[in-house]
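Taking it in order: structure first as structure tokens, then the write-up.
Letters are used for the chains, namely A, B, C, D, E and F, taken in the order the chains are written, and counting of residues starts over at 1 for each.
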């Protein structure tokens, strides 16, 4: 069993400096994007301002124009250190774990998993500050723009990778730990028509494969792995792999925290290779 | 076995009055949305006008601007009492069955499952009035805006809940009864390349879990339950639960009409709890 | 076993003439769309110009306006005969294999599977011409507009049908042959966090059902069929049918190239009918 | 002295029928405009609906989208018979008096003098119904869109021609009679900083040449003519011609109502010809 | 001769408090504008932020979206105390001298003379900070949006009223003092094709009537009055009135600073009244 | 009397090379405009393509999107050598005669006089090719966008400077020679309500000052000068200066072709200086 390194929090902001350098290079390589790169990154004072600008550009609509969304996003990000920390660890999660991602600007500019996650973090802040109407409005915009539906009340840790992201659903009373990796079409869904705690609790380091549905108030233990296309209706113990419809245990992941390794094969299959 | 109450049709329009009151309250709570709430609800004369305005705002594009779509939608809704009845029962279905929905304005304003369903109802009217080109145009817009693809020729009853909605597909010759609940990523798909009756028939009160694929001209009997992530290629008898890839019978739902209860757990699992 | 005819390449451009005739008829039937049909088809000089115009209209955003995207798309399509050939065979694939498609203008104007595929072909050309920044930018736009995520580096043949299309994912090192049919929510995904050849290789004539996940550098042989909702983690032999989570062999398709017949039923089920 | 025929009010709506016929012809001649002609005219039920649609399309902005403006305009035009009458006589005024205008659709679709005048008529209704904030909002939009600044409180009769229109200004306490013709850059301006009746009163049939400034609470008598580029600071008697900076009398117009003849030459000059 | 009070600079910001109160009242009176009033005024922290938001909304285009213009405007207004002072005195100038203006929000929201002037002040700052390209870009946007063309290098004092504003032109080497009032179509123009000091110098308190052209490097003395429609090619002495084409002296204004009184009549005419 | 050099036609395209070099420099100086400069100039193959792109961007609206306008403009410019020649001589006219213009990119990108003139040239081509409906549509767009109203049937030579441009009007049967300079608010207007030849004929090298109205079928001879704010109702002989309301002769210009010198002072005034 390997012990992967948990994505660190950036002590000093080398991340922002790296992003600016990447943007400068891209502006030279592709002049058609130079105006875009300047307005979104090189003309911004900080990573927070850059994220705010990028998201406002994507979420704006006739009802809330970009300047107004910009202000709402800016208030949340300025007020909440957790969001600022999560932005950095989420970008790093993409960079570390997605082999198709070799630049920090890629999630920042181009990955809707990052955009949806970051926008959700603002809706969560709004929800907790009793601005539920606008939180629901933005949840809908996120669902329209990115095809990702995360309830503002859900709780999600940092260092999260949501790869491809389309059709992801995370329900109201879900809790997701740190350093979790989820693929597209993952559902953390509720069951029943009564309000109350009815969604999954996903611990640190869990990897959830594409298309998997985890339903009800079940616990997915630390370092567990849920195979692609599985339907999980019961608790999964830490460091266990489950697969199937409905999902059953098929052993243990080769890694301590499978989210960091992104190995989607079943371990029983790998032994045969 | 419990007998759930079927969502009633509103005799007098207390629904519209309730929606207006909720909008007034929301406009006070969140002034940034007050203009939006006035133009979409408080400045409208009826629920029909409000729905028309909201959908036109979302579906408009350079080709069909909102005023033109508004007129097309308005014609259909004015002409077809079934659409008007369905709008009311669909909103109620969300309110009754989705625990995260505690206001009538939530589906009206923020749930793309409601938006897509309601817009499909207009394409169905256009299709039946021999305006197939614009019906197909709008089907595409619905698919682009809400990631929901319902063929205009499909027949869908009232009191329908489409929760989260992303990636839902309902094919040309599908028939869906009343008071059905479907989650996101459900497919009612055809098989083969020949035209003709080739899609599922779903009876009243059926619950279809997230990600389930029902393929071919099969019958899903009244009150049946299709577990999440299942692939159904054969008929399902009334009041039966099926699950798996391919799906097999695993007993009977605890409820007469599982669509009204939204219980996604397998009944065999629940007994162990 | 039947031998279906592979979609031929159009020798002379009767396809473009047919499309123009269909557009003329539609403009008469639905005057509200007449301006649209003229600007996208009847006012264009060739199918290539028409596709360029239609895609630019859909992919434009504040960052890249339609005239600029138009120019980028036009350069690629003018330079690359493969794209021009693929546009024709892809449109024919929809027409031949999708029973709900009885006009050539339907994929051209209304099917996001065709739009996403065609736009991907341009990103592939950009990627190969060392314009990776704008290729990634467009990949993101395609994912936002059509909920389809195809990496610009993936290699995809001609005569491809992507039906409904929502939530399709095709990874960086994937290879797809000719005359393949895929439904919505299909994933050709990678595994692991290391770069390198890590995605599926899909041979000619394969049919992949809705929601299926094929993960890792596995080979799906010529004429194979992957049932809906399956999770494939191992090679599939030519002319074999697999199904399940994880997928296992269940016999051979009734057709030589199942992609051309679109029969989604399991063959064992069909015998019983 | 000739007696020109005053533009009649249309008894039955041959005007609307003529406009529809012209639009049909134009849609055939110029297919690129066919969608526009259908959505603005051929798809409308009446001249009132057509005007409402055309103006809403031009005045819409992020703050008031076209559907909302449409509703505001529609209320005013439905409620006020004077506006409906004026729309018809204004269109006829352009057709009768502007030699470059040989179709009724020309002012309706293309002349900003008509657009500004018609939109002012709605602001006047709003002003009189105590909706001054939105009247001022629209006055600003009219000034931005058409470079025409007419105060909502000004009173203007019917059968008005505002040719070219750019930079026209009509102040708060101005009164303009029926069948008046004004060219671009005409000012009916106030004087002083105190509120009160401080703008010109222009009687029926007056012709005011391009660039003329009429300032203060002065009376321009019936059938008077104000030469281009004049500055009028005193009353002008009926059927008199004035010219110059400041303007002085130079005789009498050759016509009874010079507005109907549009003769801008000085009569003393014409005698020499 | 009366001595009018020069518009004072606001010591404490009662102006901003008054504007907020007016906006609150307007939002109650006209709910359709409530969202607009909140986003532009009530949701802003200061008059500076409000002006920035309003101008960015009007000047934005595909090339420079509102968030980017917002940032540029914000930098200038934050850096330059003169702009901040001028915003306040300009708003007061409208309120004090324009009898049709009885609320401070009117120039702020609805008068393009104020919008153009304020936007020019930012271009002037950009020009002086060696950002001439974007200054010229914005000069063009101001000319397109407001039909006002002020060269970024022109120098303009505070307490300026530009009433109606359409077609105003102020050239590169013009200098305008404090508390000047100008009507629409005023030109401060150059002469000749050589660079150098070639535009008018207008001293404090001057009133320039609608349509007047002042050409060349001439001096218009303090408290002078230029009648409407005049063409001034020579110096005008302080406290003198000129009128005509070309303009000649016709006496002295009744007021010390005619800009503050807005009396457009000739004094010789007034005596006769 | 000085003999100014008539603006030459560019034999080889050093103009386009100069414009590209200026754009490169500006993109370095102002990164916020770099995307704009690339898409409008540096990414274009020729001056014709650049002009087409810039105009389409400004004239586009919901009815005619930029790609469609682009095609219409491109057809005209490709077909008509006169337009191509005029684009070059018009840009040079601004550069040579406007002291505030020291770069070729300034008229190309920022001067609405150039934009309106160039767009008129396309409407003229459309008018002559019997596409009068779209010519009128564009005439209206030009009037809305640039506040310039030039009838498509008017005939205008090359080497034309329209400075500031707001409120310029040129009527249907006007003829303007080569190397003419006009300021804003100039009117070449008709008289009477009968069709026929009723607008001015302006010969080569004429200078027309700001706000001047020339009305009726009068001839303005070669090298004449019309002072600002004048109203011309009679022929003006070659090489004569007229001024006033109505205009009278005041001598001869100091230059052979006053349009090239832009001297707006009266020659009698200059002698006194």
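Quick note on the criterion: contacts are C-beta pairs under 8 Å (C-beta built on N, C-alpha and C of every residue); 3 or more make two chains touch, one makes a residue touch a chain.
None of these values were measured; they are calculated from a predicted model.
Listing every chain that touches chain A and chain E alike gives B, C, D, F. Each step here moves to a touching chain, and the least such steps from chain C to chain F number 1.
Chain D and chain F have Cα centroids separated by 28 Å.
Chain B and chain D have Cα centroids lying 50 Å from one another.
Residue positions of chain B touching 2 or more other chains: 32-33, 35-36, 39, 43, 57, 62-63, 65, 68, 147, 166-167, 185, 211, 229-230, 245. Listed in rising order, the residues of chain C touching chain B in the complex are 26, 29-30, 32-33, 35-36, 57-58, 96-100, 102, 106, 109-112, 145-147, 164, 166-167, 183-185, 209-211, 227-230, 243-245, 260-266, 269. If you check the complex, the residues on chain B that touch chain D are 35, 39, 43, 53, 56-57, 63, 65-68, 70-71.
Residue ranges of chain D in contact with chain E, taken from their complex: 62-64, 68, 72, 131-134, 136-137, 139-140, 143-144, 147, 149, 151, 166-167, 169, 171-172, 185, 187, 189-196, 198, 211, 213, 215-216, 229-231, 233-234, 245-246.
Against chain C, the residues of chain D that register as touching in their complex are 27, 31-36, 38-39, 42-43. Residues of chain E that touch chain C in their complex: 62, 65.
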